[in-house]
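Each chain carries a letter (A, B and C) given by its place in the written order, and its residues are counted from 1.
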Amino acid sequence: MSMSTSSPRLQIAPNGPEFSRIVLGLWRLGSWQMTAQQRVSFLEQALALGITTIDQADIYGDYQSESLLGEAIALAPHLRDQFQFVSKCGIKLVSDKRPAHGMQHYDTSAAHIIASAEQSLRAMQIEQLDLLLIHRPDPLMDADEIAGAFRHLQESGKVRYFGVSNFTNSQFELLASRFPLVTNQVELSLLHMQALHDGTLDLCQQLRIAPMIWSALGGGNLFRLLAEQDERSQRISAVLARIAAELEVSPGTIALAWILQHPSRPLVLTGSGRLAAIQEAVNATAITLSREQWFALWCASAGKNVD
Amino acid sequence: MSMSTSSPRLQIAPNGPEFSRIVLGLWRLGSWQMTAQQRVSFLEQALALGITTIDQADIYGDYQSESLLGEAIALAPHLRDQFQFVSKCGIKLVSDKRPAHGMQHYDTSAAHIIASAEQSLRAMQIEQLDLLLIHRPDPLMDADEIAGAFRHLQESGKVRYFGVSNFTNSQFELLASRFPLVTNQVELSLLHMQALHDGTLDLCQQLRIAPMIWSALGGGNLFRLLAEQDERSQRISAVLARIAAELEVSPGTIALAWILQHPSRPLVLTGSGRLAAIQEAVNATAITLSREQWFALWCASAGKNVD
Amino acid sequence: MSMSTSSPRLQIAPNGPEFSRIVLGLWRLGSWQMTAQQRVSFLEQALALGITTIDQADIYGDYQSESLLGEAIALAPHLRDQFQFVSKCGIKLVSDKRPAHGMQHYDTSAAHIIASAEQSLRAMQIEQLDLLLIHRPDPLMDADEIAGAFRHLQESGKVRYFGVSNFTNSQFELLASRFPLVTNQVELSLLHMQALHDGTLDLCQQLRIAPMIWSALGGGNLFRLLAEQDERSQRISAVLARIAAELEVSPGTIALAWILQHPSRPLVLTGSGRLAAIQEAVNATAITLSREQWFALWCASAGKNVD
């Protein structure tokens, strides 16, 4: 695998935006101990790998991750037009940054959605979000009220497109009946295959909506020392190692290629601040597994043969 | 909370009937030991609270509840035009009132639906049902046959609208593909949140169909002596008591307000013959919980924080 | 029950083919130790019972069942126009007949679907399949690619209609959004009622798609010696025996009548090489159970009364 592999781009939905297949997840930005100038360098190195899309949320890093990104954007304003910015709203965390919150809960009121999106713009020091997601399915969500907030944000030019995260199909279809959604950001990995089997990816493919995938490496559990892994992770790791050797790439690259190959055309979020790890993710976009390789991994995860 | 609170009314579906948000459930009418004249008074007191909708079923009270209501209607015929009457059909109970039934089973044949609706009219001494529900999802239901029976009853003026009870989404969508349905009457309470999470209320909201809620107080389990409650009920009861104190209403009022606040716009059935309990239900229509209060109850029921 | 009962026919979907309600399943053809001429006789006896539809799959009998049928067709070419031929593709078994397969996996690539259908035609020595099914839901299925393969096979005259087997509703709706499907072949029996309750038959009925039923006798478990049966099978067997005596047919006939009576209009596959067993299946098409009989069997299977 050449270090010159670059992430391809994809229109994520009919009439939707064009994003990079590999998306820079900045969930842990605050823990990377980077100066603002180092953050600028990190963003420029990501761009050089073809990664043009950034994933954020109001709550990441205890409400600080967006501001840390914003400091870098302020230092290097030319980055504003080179990235697509994704953020999320709808969860209220208990935090000394939000003293009004008495307990963790969801809020998908129009007032909170609009205020949260506007705060994300200020924190990231940008004029427009390319995509705003409802972070979790709120059992109290009023689809008409959410659609009204989306329309307001779209008409004012503050957000271009809208989507959801962690929604079941009935929740997705409810909100999509009121406003066009361009993605469902969900968990998928060899350690967490639920979206593959519960209909989530079926509906995405049916609607030609590319899912965005979080925790695509299973939180790193596949890459611990063998002795620290449970039996299932050991099984998967062994097959990853074998295929990685066959294709001369890293096991992490194989784990992500396994996801990217799904016909729903998933986008994969990275979670690392190390450029080498991000390069491994980008490398996955150039890999095509054979069906036998793909199913060898599926079977290692499921602990059984296909029926 | 003033004793003058009155139940608001709601159009339960596009082109559907207008019902009171609080519905008088007469499931246990036979056990209340009321004379026919006392039943008249009970109905008039409900009306005075804004409750204009009555929920019945052929089988309630071992096939006797509808007749007990009918005796009151015969004594006070002016009540006929002041109430909307809901009944149900499709279950055959073993009963000495129905000697032909050899075992409990479902019957959604056109012949049974029509005969049952006509019998409900005779028993309640009314000319027309406002709403007839299929009581349980019959695995043998033939959607075309049911739709034929519904059309017959509608064209003959015997029933105005049709719905279902306890249907899954796929069962609802099957029957709705043949005939317009205006509600799904389902169980929901702080002790039974399934409809909130399995897609049932999502579909109701999507179709703008107000669900009708039975067992909204969890069969009274939340209001036993603390020592008699299991751990989960104790958790919920404690939060209900706290919020009830904050809002100066009863815990039962809070438990129903928690349901009424859902954006699918549920109607809530009462089950009591005590006017004070019915007043508590009506009071819930005037309460709006904060999102923190609503989620404090959800978390007490789920036994965890939101994700 | 007269031995002259004959299987009726059914149009299995709007604009779909007409099949016999009882379908000759040739899964185990290789184990019946028939000469090619005996296979011809077997087919002609099935035809005499009104069975005009044959169910096959590429993989049946370790990839040999289609060829065994083909030898009979070659001996009696007039049979070609008297039967409708169903086959399946999409599973790759480890077999010395397919040395390239390193592990059991699915393959719903266009190349494999087309090659498999063409191989089925050659093996069965016929010019056209009436119906081709995707055998199992492949988590890697690309609905557009499958639809392209179906279109190619249809336009070249090699396959008339297309369907699936063992698909969930979301998988069915995904593929049906790209190409019209005429059936979902699923497991259903008194020992396996899942399709009755998970929405599969609801969707079939909604779309007016007749399901095809495999393992309709529960793999024969209902007909072992009583002492060899588990408690549930004993319960079901006892009710089957009682109703069989009432209606003067065999318990197997009752077990199949229980399925055929479902309003989704299922077709039932046989699995036996014994003519008497096939006659018992055909006899089921002339039986109508009372609702009490039908629910007595349902309750015996569920181990509870209806709610």
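The criterion applied here is as follows: a residue touches a chain if its C-beta (ideal position, glycine included) is under 8 Å from a C-beta of that chain, and two chains touch if they have at least 3 such contacts.
Everything quoted here is computed from the prediction, not taken from an experiment.
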item	value
Contact graph of the chains (line, ring, star, complete, other)	complete
Chain copies touching (chain A, chain B) - same or different residues, decided at half shared	different
Geometric centre distance via CA averages, chain B-chain A, whole Å	42
Sequence positions of chain C contacting 2 or more other chains	169
Residue numbers on chain C that touch chain A, as the complex places them	91, 102-107, 109, 136, 139-145, 166, 168-171, 173-174, 177
Sites on chain B touched by chain A in the complex	169, 196-197, 199, 202-203, 205-206, 261-263, 291-292, 294-296, 298-299, 305-307
